[in-house]
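Encoded as structure tokens, the structure appears first; notes follow it.
Per-chain residue numbering starts at 1, and chain names A, B, C, D and E are given in the order in which the chains are listed.
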Amino acid sequence: MVKICIVDTTFARVDMASHAIDAILTLMPSAQIVRRTVPGIKDIPVAIKKLMKEEGCDAGMVLGWIGRSMTDKISYAVYSLAMQLVQLELERHIIDVTVHEDEADSEEELYRIAVDRARKHAENLYLLLYRPEVLSTRAGTGRRQGYPDAGPIEP
Amino acid sequence: MVKICIVDTTFARVDMASHAIDAILTLMPSAQIVRRTVPGIKDIPVAIKKLMKEEGCDAGMVLGWIGRSMTDKISYAVYSLAMQLVQLELERHIIDVTVHEDEADSEEELYRIAVDRARKHAENLYLLLYRPEVLSTRAGTGRRQGYPDAGPIEP
Amino acid sequence: MVKICIVDTTFARVDMASHAIDAILTLMPSAQIVRRTVPGIKDIPVAIKKLMKEEGCDAGMVLGWIGRSMTDKISYAVYSLAMQLVQLELERHIIDVTVHEDEADSEEELYRIAVDRARKHAENLYLLLYRPEVLSTRAGTGRRQGYPDAGPIEP
Amino acid sequence: MVKICIVDTTFARVDMASHAIDAILTLMPSAQIVRRTVPGIKDIPVAIKKLMKEEGCDAGMVLGWIGRSMTDKISYAVYSLAMQLVQLELERHIIDVTVHEDEADSEEELYRIAVDRARKHAENLYLLLYRPEVLSTRAGTGRRQGYPDAGPIEP
Amino acid sequence: MVKICIVDTTFARVDMASHAIDAILTLMPSAQIVRRTVPGIKDIPVAIKKLMKEEGCDAGMVLGWIGRSMTDKISYAVYSLAMQLVQLELERHIIDVTVHEDEADSEEELYRIAVDRARKHAENLYLLLYRPEVLSTRAGTGRRQGYPDAGPIEP
């Protein structure tokens, strides 16, 4: 039985974690989910690190939401690097689902991106844990989360 | 009894820590507060790290103030990353209250943002320590500190 | 016998790893290749670190693909720094083959860059492992991967 | 008796360290100063780290000078982060006195900024070491080094 | 007898290391030089770290060459930070000679900058190792490598 730690935020404008958990449990019905919510992305790295260690999770997922300003982009860079440090120390995958408000002009489109990205990354987590050979068959094929696949460039 | 370490700066133009402490003690009357003030944000990470270790604080809060120039933004990025490193090493939450001068054109508005952000993050600290389940009910609901909540995007 | 770990992504739009492996096996017919594919560049550092340790690889190669947006560039910076951390901790070379979509306007050109870069970096890996003296003779000669060599500047 | 390590550069265009040392010795006549000079800011972090460890300094001061180009700003970011790492590892304050050439158009003004900043940060070092309660009384009062104080924003 | 490790690249368009070595041996005739060449700047940090440890070098020098694009600048930032990490871990100076293609419009000028910078930093390395008191006399005097000295700003 696989155990998955999930941390999301109250800052996000879509409850992406619920969509991710739904997709995870569809693909891995016996998975055990441990979920925490923190205020914003800067609180995620320490929260997921502690959670992964205390709960002994096999893998993790973090869900962040980034505003439009330059300051938001800087915070994203810092958050993203901290998540690399956590993964490298724990030597476990923590899939990163991030939505940037500048990805779309309308709330409808942001919502669609957020849900699609959360669900597709849930599938990626499943593939990393149980079906790595499927990922290998998709190498270089331009897969996207939140958007339609770009597809491979044919020679 | 919870013990909370707080570090702020003489650079900041609003005494945000006093507002944060007021809100903390309203929510957690028995909390023990240890506060230090340093010149600027670059002095915060080593100060809060030492203080958290020496005082054995359960959690921390740092309050920074960032100018308008590109150099200020770079310093913010560096400071913010150092605060991630401190949290990851100590494995304790240190809530980050940062006000950027480019968030508002008037001093009145900056003041309002600073106070609101300090008080709301004090509440976030309380929720992280005592009521994590309340944070979970707010997942993806677009909470903001310093501004009105953005609210959730409805599907 | 040399053992080489390779990690690429499903995000990339060209299967660069296959070209790299072909070039590696031409130059080092007895090399043992261990390959994994992950969703995107943020998943590469932890994947290659684990793989290098578990498989005892002598050297590694990672192949990334970067979009055109500012967010993509930030993610590249974070990924690139994480790859430095992995190399410094393991004290082994991990050659980085990265293609940026803003390097070319047409898919044909991106394809050509991707294949050329993968193959030339495969040769670089061979030289690092078996013929470091050849690299020394090329010092300061303006070698490029993905483009024609810039050549040395003559005094 | 307090011992203070100081590292500055030959790149800087003002001998800020002499001004800082003068101010330090005025405020702390019994302080022992250990000073080294390196070529540029990238040489400072390893120099001050070694010096602080070898000399057993209680605190440090580094003085940097940054040019106007984008490359200079990048180098500043890297230098600044390295200085955070040194402080976090040693768990000792190292006050950072940095002058950016884009802070002023005239050499006269740059000189004035440099001297004022060096002297005021010398006072900050004194307060951190001997009078932390004075810093606390100045929390949120908009103190500046190199410029007139911005002052507190009144509610 | 001092031992100096040097790593440069095949990407660079000028063989700066040969000029640096010539200057080093003029100033320190008994110095022992260990030199390696790698493809590009991202390969330098792990190479110099390994070399310094395996060869027991007292100090190091790395020579990089940076293109004109934003991606090149990001790679420079990452490389530069990794070089700080190596120096801080080894606690030894590694002088960084970097030429940016956007420093000049003509190849002639780039060549001149590259050679001048390599030779002057070789002198800096000598001063760091044998004549630190000379560096102290030059504190705040606006020394440059690759360009004429800016000189001190007179009060």
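The rule is short, and it goes like this: a residue touches a chain if its C-beta (ideal position, glycine included) is under 8 Å from a C-beta of that chain, and two chains touch if they have at least 3 such contacts.
Just so you know, these numbers come straight off a predicted model, no measurement behind them.
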Just tell me the minimum hop count from chain B to chain C, counting one hop per pair of touching chains. 2
Chain C and chain D, separation of their C-alpha mean positions in angstrom: 41
Cα-centroid distance, chain D relative to chain E, in whole angstrom: 25
Where in chain A do residues touch two or more other chains at once? 77, 81, 85
Specify the contact topology among the chains shown, as one of line, ring, star, complete or other. ring
Ring walk start=chain D dir=chain E returns D, E, C, A, B
Contact set on chain D toward chain E in their complex: 8-18, 35-39, 42-43, 45-47, 49-50, 53, 70-71, 74-75, 77-79, 81-82, 85-86, 89, 107, 110-111, 114-115
Using the touch definition from the top, list the residues of chain D that touch chain B in their complex. 66, 73, 76-77, 80-81, 83-85, 87-88, 91-96, 100, 102, 121, 124, 128, 132, 135-136, 138-145, 150-155
